[in-house]
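Two complexes come next, and they have one chain in common, subunit A, joined by subunit B in the first and subunit C in the second.
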Partner chain A sequence: MAPTVIPFGPQHPVLPEPLHLQITVVDEVVSEVLPKLGFVHRGLENLVLKRDIHQMVQVVERVCGICSCIHAHTYCMAIEELMDVQVPPRADYLRIIWGELHRMHSHLLWLGLLADAFGFESLFMQCWKIREKVMDIQEATSGNRVIVSVNVVGGVRRELTPEQCTWILETLEEVEKELLEIKQVFIDDFSVQKRTRGVGILSREEAYESGAVGPTLRGSGVAQDVRQSGYGAYSELDFEPVTEPDGDSYSRAKVRFREVLQSIDLVRQGISRLPQGESRVKVKGWPEGEAISRTEQPRGELMYYIKADGSKHLERMRIRTPTFANIPGMLKMLPGVDLANVPVAVLSIDPCISCTER
Partner chain B sequence: MLHMTPSILKNFFSKSATRLYPVEVREPFEHSRGALEIRLEDCIFCGTCMRKCPSKCITVDKNAGTWDMDPFACVYCGICVDNCPTHCLYQAREYRPPEAEKSHVFLQGEPPKKKSKKKQASGEEEVSGQEGEDQNGGDET
Partner chain C sequence: MIERIKRSELKNRVWEMKNMGYRLVTMSSVDTGEDIEYIYHFDKDLNMVNFAISVPHGESPESISEIYGSALLVENEIQDHFGVSFTGLALDFKGSFFLEDEVQKAPFCAMSIKRQESNAEGNE
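Then we have the complex of A and B:
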């Protein structure tokens, strides 16, 4: 049969965000994919010219709702590096506690969306039911469900009281228990494996060469995680990057599932080692120079480049988000996939288009 | 499918995971960041909130003694509340209810007298009756 071109997105039931793929299929098998981006470009990077460095924290939080805390953390790290601000150790710990909560809720959201993509509605509901507990922790400790807005240049705005810490640990115990109940479904269930195993294979070499990051890279067996660089308080916590060797959608789902459990462990470690003292230092003056900071978002490596000229506005800010890095990998994994499996394969990189287009 | 069966059976015989909203409404958490409110009698119209606001939703006029806010531009970040020198700004625990038309919060207080700010703050309580939310139909940007 002659090749047929099928438009996939920007409005598609499986996509929460607008990504357009021009898919060429031969006999219902994908042979070529062309991506088209730019539907939700908002020009947030340009706002550095209109908002001062402290106001930009609230702007970068809105680059991506799902990982707002980590965006603000990365931005603050870059500014603090330029201004030689030493963040108190307690603030470092609090930042990673909220960051790991964000990773947890992002991965649970994604696991639910994946279940929805292959038509397992009850599993989708279970994942989001568990996620709601994590959202409650965020709302109770920071004031908002999603955009926690706790980071400021020089530390954090909110505190965790000992009672809140106990409550968080108790809630995470429940989250872990409920997660382990559905673990068997994700790992062993026949229908889950039927829809995800062998779909969208990205070999170790391909993943590395295409510059994939985060769970997409780790799902192909490369143990690379920016948290290993020890930013924030990660240098004092014990963890190993989660990897799976197969490189298919099933592997990537397993990586994310195991990362939720890893995040629970990291929050526990963070709370048990939470130092006492100040959680914010006063910051005076304006930055000057260039800085790059990197962190591990739920989707992979996030990078901020900042150029400042000593005034209250930055001269330039550039954000490199993980989905941007994962799109070449996605284009490599799609050829050879059945058209019916394209939604699962596309979703397996956890595309966050709002991040990518900013 | 068998792995899911215990969860399904458990869900059959357990309480619903959702609430019957709006019949049953959960109390907001203690430190929820909801609608931005102001005790105008304590306000000294210094304009710190206006300068710190990331979304530029607050306008303060010191000479006229006005404080106005576009609730549709407010992002509930609470930066103004953190920076208010007199702690007259605070956030309610609930969000603002949805509205069909754009509204604007326009509050008129007594402008500060240049000589003694403390006296002015106490005198302003008398005019606090004027502070009501003036609902102008969306003529603001």
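Then we have the complex of A and C:
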């Protein structure tokens, strides 16, 4: 049969955000894919010319709602490096507690979307039901469900009381229990495996070569996680990168599922070791020079490059988000996939288009 | 932290990184007024290597997409944002990767974009 070109997106039931793929199929098997972006490009990087370094914290939080906290954390790390600001140890811990809560709710959101993509509606609802408990923690501790807005240059502007810490631990116990109840379905169920095993295979070499990051990379067996670099309080916490060897959509789902459990453990460690004292230092003056900071977002490595000239506005801010790095990997994994499985394979990198386009 | 290298050294340095097993993290670009600076960020085992070249406005930087295929996305993004044209770009969206065809100004640069006619099939 002659090749047929099929437009996938920008509006597609499986995509929460607009992404266009021009897919060439032969006998309903993908042979080539071309991406087209730009549907939600907002030029947020350029706002550094109009907003001062403190206002920019709120701007970078809006690069992506789902991982807003980690965007702000990464940006603040870069500014703090330039201004030689030592963040109080308590702020380091609070930042990672909120960051890991973000990872949990992001992964649970994605697990639900994946279940929805392969038509398992009740599993989708179970995942989102569990996620609500995490959202409740974020709302109770920060005043907002998604954009928690806790980070500032110099620390955090919210506190966790001992009572809140106890309540968070109790709630996470419920989250863990409910998650383990659906684990059997997500990991062992025949229909889940039927729709995800062997779909969108990305070998270890292809994943590394294409610059993939996060669960997309670790789902291909590469044990790399920026948290290992020990930024913030991670150097004092015990964890190992979660990896799965097979490189298919099932592997990537398993990595994310296990990472939710890992995040619960990291929050427990963070709360048990939470130091007393200040959680914010006063920052005076304006930054000068260049800085690069990296963190691990739910979708993988996030990088900020910042250039400042000593004025209140930055000269340049460049954001490399994880989905941007995972798109070449996605383009590699799609050829050979049945057209009917394309939505699952595309979703398996957890694409965040507002992050990608900024 | 960011090493400034000569433009003529770029390809050799990038090949070196590739042969040593470094991953291309991304590229950044900065309009410094006279030049556009292109910064190349690499990583291996969480150790970053960064180097930069400067290219005067109006001149075309060389693409590294033949060495690192994943560079084509970021190079196309830079073309959109800075109104430049990379030579040897493996897949060239000619300034309309993010932006629509009717856009006449590069958002990050005072220069205007001059659209080029496509000379390769399928690259329009």
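Definition applied: the second predicted complex is superposed on the first by the 358 of 358 C-alpha atoms of A that agree within 3 Å, B and C clash if a C-alpha of one lies under 4 Å from a C-alpha of the other, contacts with A are read in each partner's own complex, and residues count from 1 in each chain.
The criterion applied here is as follows: a residue touches a chain if its C-beta (ideal position, glycine included) is under 8 Å from a C-beta of that chain, and two chains touch if they have at least 3 such contacts.
Computed from a predicted model, the values in this text were never measured in an experiment.
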Touching partner for A:123 - first (subunit B), second (subunit C), both, neither: first
Which superposed partner A:174 touches (first subunit B, second subunit C, both, neither): neither
Which superposed partner A:38 touches (first subunit B, second subunit C, both, neither): second
First, second, both or neither for A:290, with subunit B first and subunit C second: second
Touching both subunit C and subunit B, counted on subunit A across the two superposed complexes: none
Residue numbers on subunit C that touch subunit A, as the complex places them: 1-2, 23-26, 28-31, 39, 41, 45-46, 48, 50, 68-70, 72-74, 91, 96-100, 107-108
Complex contact set, residues of subunit B against subunit A: 1, 3-4, 6-8, 17, 29-33, 52-55, 75-79, 82, 91
Subunit C partner contacts - residues on subunit A that touch it in the complex: 34-38, 41, 43, 45-46, 208-211, 224, 226, 228-229, 290, 292, 294, 301, 303, 305, 307, 315-316, 318, 320, 324-325, 327-328, 357
Contact footprint of subunit B on subunit A as seen in their complex: 51, 54-59, 62, 122-123, 125-126, 129, 132, 136, 139-141, 143-144, 147, 149, 157-158, 181-182, 184-185, 188-191
